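Some notes on the structure that comes next.
Labels for the chains are A, B, C and D, by order of writing; each one numbers its residues from 1.
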Amino acid sequence: MKEVYETTVRVRYAETDQFGVVYYANFFVWFEVGRVELLRQLGFTYKQMELEDDCHIVVAEAHCRYLRPARYDDLLRIRTRIAEARSRTLRFAYEIVNDATGESLATGETTHVVCDRDGHPRSLPAKYRKLFAPAHSASTVH
Amino acid sequence: MKEVYETTVRVRYAETDQFGVVYYANFFVWFEVGRVELLRQLGFTYKQMELEDDCHIVVAEAHCRYLRPARYDDLLRIRTRIAEARSRTLRFAYEIVNDATGESLATGETTHVVCDRDGHPRSLPAKYRKLFAPAHSASTVH
Amino acid sequence: MKEVYETTVRVRYAETDQFGVVYYANFFVWFEVGRVELLRQLGFTYKQMELEDDCHIVVAEAHCRYLRPARYDDLLRIRTRIAEARSRTLRFAYEIVNDATGESLATGETTHVVCDRDGHPRSLPAKYRKLFAPAHSASTVH
Amino acid sequence: MKEVYETTVRVRYAETDQFGVVYYANFFVWFEVGRVELLRQLGFTYKQMELEDDCHIVVAEAHCRYLRPARYDDLLRIRTRIAEARSRTLRFAYEIVNDATGESLATGETTHVVCDRDGHPRSLPAKYRKLFAPAHSASTVH
């Protein structure tokens, strides 16, 4: 099992600000893209998880460290891994890399609580735990 | 009854782009702020309309004409009026004005279909129609 | 020369709203993605156009007609064409299609004025006009 | 001198997501609103700081802890204070409170590097340092 799951996004004009770089909150949107694509690469979709299993990954904490600016039209590689998977909480770690230069632009982490549609905490269904566990065990080596 | 309902917003850094002006899609967010505050000034909230009456004003068409750029930290006045109120459709007209200079920055219009939570068209409840009607009759003079 | 230029985007959670569909202003962000990718497929980038030629395509008018909702995680196909290319103004036409079902979700248009970095109107450099012209002549057949 | 500077925002429909709450990245936009209004209450604007003094407060790190969901149309109180003010770095701390219930919805922090327009680190001009210092010394009591 792969440890780090990757996907790319291209910076949109909408995501820039008048300082000529990407506005800082947008990195958290890319983190969301990263974890959604990680789930897809593990064999399911977050959409199913919500619709079929009433299982929502609610954000409890989010952190980003900005190293270098992302700029308009840059192709960015989002590198995501599961930092921790417990029955009721999940933690993802991210790195945003400029795909052309290989430079690291930002690193971050989000912590999530598994909830039902009413926002009450619940356990992650076994079928997801099974998929997350090896991804996690692989990632704990580092 | 007033014809034009007003509210103000201050331009956020997040709303600017690297050309140094507000990104064009954000004017439609301000149009939303304008119509929500119009409803509040008519005596109810869009939140109630959704929650208590299962009445959603779904956008069917949106148009904006950009006259002058909006810039970071500008205080903007959103002037909204009901351009047309029918039992199943609503049309709002907007003007975005720089509050300091009085200059008109943009004009626009949105057309809406009244729907239930499943997206099926429905009639506007009588209590809302009653409120919209005079606002509309006033506005048709222009 | 192709008349319609295509690219795809996947709907982000950030782009949905509490009605369970994509918030209407985001279609204009996708229109931007569509025109940027059209330019790339014509052989240059909007980034170059701004940086190397001080040529900015400022939005003067934007319109969208919403036909069906776009939903979370949908893969969308953005179909863009040059509706009109003059020396000082450009008009793009868009269609957003659900890539899985082929259903048309929205159509739209944006009109742009070519400006320098200070926002003053200027002529489109000849090298761009040459590229746009055949794209336009092809599109005027329809 | 006040320690905590306050301003309010009302949650926009655009800021909600399909889970029925505010999308997590938007809290960072409100943090920006909080620090901009803190500066205004200290007697200047971030706009001036950028335009007149070529002084940009670039985000180096951002963190948010989500306690309770923010919902559509909620009036939120943003409580901002200067957690640390040095000659080249600034740290702001935030709390987002539901203004109707007084409940704390989120707390967060952002760290900034003072830069010129080219993104090179520089010292904060004395006139700003003078204003930040007492705000900071007041806040260090807690």
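The working rule: a residue touches a chain if its C-beta (ideal position, glycine included) is under 8 Å from a C-beta of that chain, and two chains touch if they have at least 3 such contacts.
Small disclaimer: the values here were computed from a predicted structure and weren't measured.
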item: Farthest-lying chain, centroid of Cα atoms versus that of subunit A; value: B
item: Inter-centroid spacing, subunit D versus subunit C (mean Cα positions, whole Å); value: 35
item: Distance between chain centroids, defined by C-alpha means - subunit B, subunit C (Å); value: 25
item: Mean-CA-position distance for subunit C and subunit A (Å); value: 28
item: Overlap residues in subunit D, where contacts from two or more other chains coincide; value: 13-14, 19, 21, 25, 29, 32, 72
item: Chain contact topology (line, ring, star, complete or other); value: complete
item: Subunit B residues touching subunit C - in the complex, by the definition given at the top; value: 19, 21, 24-26, 28-29, 32, 50, 56, 58-66, 69, 117, 119
item: Sites on subunit D touched by subunit B in the complex; value: 12-14, 29, 32-33, 36, 45-47, 72-73
item: Of all residues in subunit A, those that touch subunit B in their complex; value: 13-14, 16-21, 23, 25, 72
